[in-house]
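For reference, the structure is listed below as C-alpha cells.
Naming follows writing order (A, B and C), and every chain is counted from residue 1.
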C-alpha cells in the first residue's frame, strides 16, 4: 500500500482496524480525541463498534467486558484518563483477557497540561493499578512505529492474554508523518474457547467460562499470580525491543531515551558527530520488558564513561537505567517537562558537561 | 405423576454462602427459572457484582464475568455491544449499583443498553458488614450510622426505580419484592419479562427487588420480612415505573 | 538536506491545511516529512502555528526552534517568530493584514497581499492557498505542478471551490515570480 500522510492519532485508529480490532470504546481527552473522531466514521464502514462511554472508569470496564467476551478491543486515552482506567487494567491483568490501551501522554501530575510528556513511565511500567501485575508497554518514536506497534499489540495481548499498552506522547498523537500500513492481520483471538465468556454454545466442551479476578483462597490467588509472573518472565525473554544509534562508535557517553525524546537525541548525536564527538544512544522500544541486557552492555562498553537518561519527565526511566547499570558507570539525568521538549542544542550543552 | 418441582438447569448444586433468611436465594432462583424457561442458558453471560452476590457465579452454571465494585453495567455494555446475540444480565446490590456504580447504571440505562439489571435492594451494605447504603432508611441503624441515618447530613434514600423511570429513553423499569409468596410470583413474572425484552432486542430492563438482611439488620428472618413490609415498602412503592411501547 | 517551514496565523486562516498540503507534496516526491502542529487552547481563535519538516533523510527531532522559513499570515505571527528564522531564509508576509515588515536584514522578504488576492480570486478563504503557492514558488522546495495537484485533490469532495483555489494558486505563483 502506498504511503499516506496521517496524524498519529488517526493512524493508530486505522492500525487497529487493519489489525482486525473492530471494537473501540473511549472517552474524549486532549491530546488524543482525534482517535475517536476518526473511528466514529471508520467503524461503521467496516461493521465495527464505536461507543463513547460516560467516563474513563466506565470505558475501562467496557473494554474488560468486550475482551472477556473474546473480541479484539481497544481504547485510547491520555494520562488522567489512564489513571481512571488503571482500576480496570488491574482487573484485566488478573482475569487474563487480552486488551489494548493507548496512552498519548500529556503533562502531569493532576490536570497538568496538554503538551507532550513522558511523565507516565512509572504509571505504565510499575503499576498504575493495584496488585502484582505488569503491563507490556510499547513506546513508538513516530507515526509509522505507532502503527506497527498498535498492530503488534493485539497479537501480544492475545499471546499473553493480558493488557498491552502503546505509550506515545502528545507529539506522536498530533504530528503527521507518512505511514505505510502492513497487510491486514487476522481478526480474532485464536484460543478464545478456553477462556472467553461468550456463551457456552460456542464451544465444544459445553463447559462454562468464568472471567474473574477474585481468588479468596490464598493458594488459588498465589497460583494465579504465579501464572502471571510466569508470563512476565516470558515477556522478558521473548519481547524485549530496542534500537541502538551510533553504538558502533567509540562513544564516551551513552544516552538512554525513548519516544519523541529519542529523536531529538539522535539529532543532537548527529550534530556532535560533525564536531568530532561520538555519543551513543540506546532507545528502549519496550519499556516493560525493559532492555536490561542491552542497556547494561551498551553502558559498560570500554569507551563509555558516563550514561545519561534524557526524558520529558523529572526522571523516571533513569531509575531502571540505574538499576540495570548496577553502579558500573555513573548514571546522570536530564529532563524537562511541562511541554517544552529539550532541543538538540540543549542536549549538546548537557552532554558536553559530561565529557 | 411427573416431576413438578426441580432445580433449574442453570443453577449449580453448590450450597450458597448466604445467611439464613436472606432472600438472595429466592432471587437467584427466579433469575434461573427465567433463563431456563426462555432456553437462553447457552448464550447467557452473567455479571457478578462486588457485594454479597460476588460469588453468584458459583450458583449459576453459565458463562460469567466478575466486575469491580459498581462497574457491572459498563461490563455488560462492553459485552452486549460487541456480541449483541448474547444475553447479558447484571446482578447488583444497593451499595454496588446505587452508590459506587450510580454513574454506570444511569448511563447504561440512558443509552438503552439491551441488557438486564437485577437490583437487589436491602437498604444496607451486606458483605462489608452493615454499613449505611444510599438506600438505608431515615433513622435506620448501620455501622457507619450508629445513631440511625441522619438525613440532614446524608440525604434521603435513593429510589432507583423511580430515578431510572424518569429517563426519557425507553426501557423496562420495575420494582418488586420477595417478602410474601404473592410478591415472589409477581417478581418472577417481572424478571422473566425483563429477559424477554432483552431476547426481543427491545430495550434496557431493570428489576429492583426489595430484599432483606436479617444479619445486618439484627433481626430474625421473620421479623426482617415484617420490618421490610412496614418500613421499606411504604417508601419503595412496588410496581412498574416504565414499560416500553 | 533538511528544510523547515513554519506557518503561522490566526486559527481559522487555514494555516494547518497549507502546511499539510506542502508536506503532502513533499511526501509524494519521496522526501521524509513531518507536520508538527501546535495544539490546545490556541486552536480556539488565537494564534495557530505549525511546522513542516522536509528532509532527504530520516527526520530526527520534529521540534524545530529555528525554522528555515516562515509564512506569517498575521501580525502577531511575524512579531513572534521573525527572529527565529535561520539566516538566508524566506519570510513570507501577508501584507493584507501585516502593515509592518521584518526587522531582519539577513533574510529574504516575500510580500504577498494574500487576502486581497484571494478576494479577487473569489473568496478570502483561499488566502492560505495564495500564501502557500507564493511561498512554494519562491522557495522552490517542491514541484509546483505536483503541489497544485495536491491542492486540487484536497478539495475533491467540494468540487465547487476547486476553481477558486486553482485561481488563487496561480495568482500566488504570479506574485512570487514578479517579486
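In this text, a contact is a pair of C-beta atoms (placed from the backbone, for glycine too) under 8 Å apart; a residue touches a chain by one contact, two chains touch by 3 or more.
Just so it is clear, the structure is predicted and the values come from calculations on it, not from any experiment.
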Contacting chain B as well as chain C are chains A
Looking only at C-beta pairs that count as contacts, which pair of chains has more of them, A-B or A-C? A-B
Report the chain closest to the protein's overall CA mean, measuring from each chain's own CA mean. A
Go ahead and note the Å separation of the Cα centroids belonging to chain B and chain C. 62
Could you state the distance in Å from the CA-based centre of chain A to that of chain B? 39
Counting only Cα atoms for the centres, state how far chain A is from chain C in Å. 35
Residues touching two or more other chains, restricted to chain A: which are they? none
Which chain B residues touch at least two other chains? none
Over in the complex, which chain A residues touch chain C? Could you list them? 3, 5, 30-31, 114-115, 142, 170-171, 174-178, 260, 263-264, 266-268, 270, 341, 343-345
Note which residues of chain A are touching chain B in the complex, please. 23, 25, 49, 51, 53-55, 57-69, 71, 73, 87-88, 91, 95, 197-201, 206, 208-214
Show which residues of chain C lie in contact with chain A when the two form their complex. 20, 23-24, 27, 32-37, 39-40, 59-63, 65
List of chain B residues in touch with chain A within their complex: 41-45, 47-48, 54-55, 57, 61-68, 71, 73-79, 81-83, 85-86, 103-104, 107
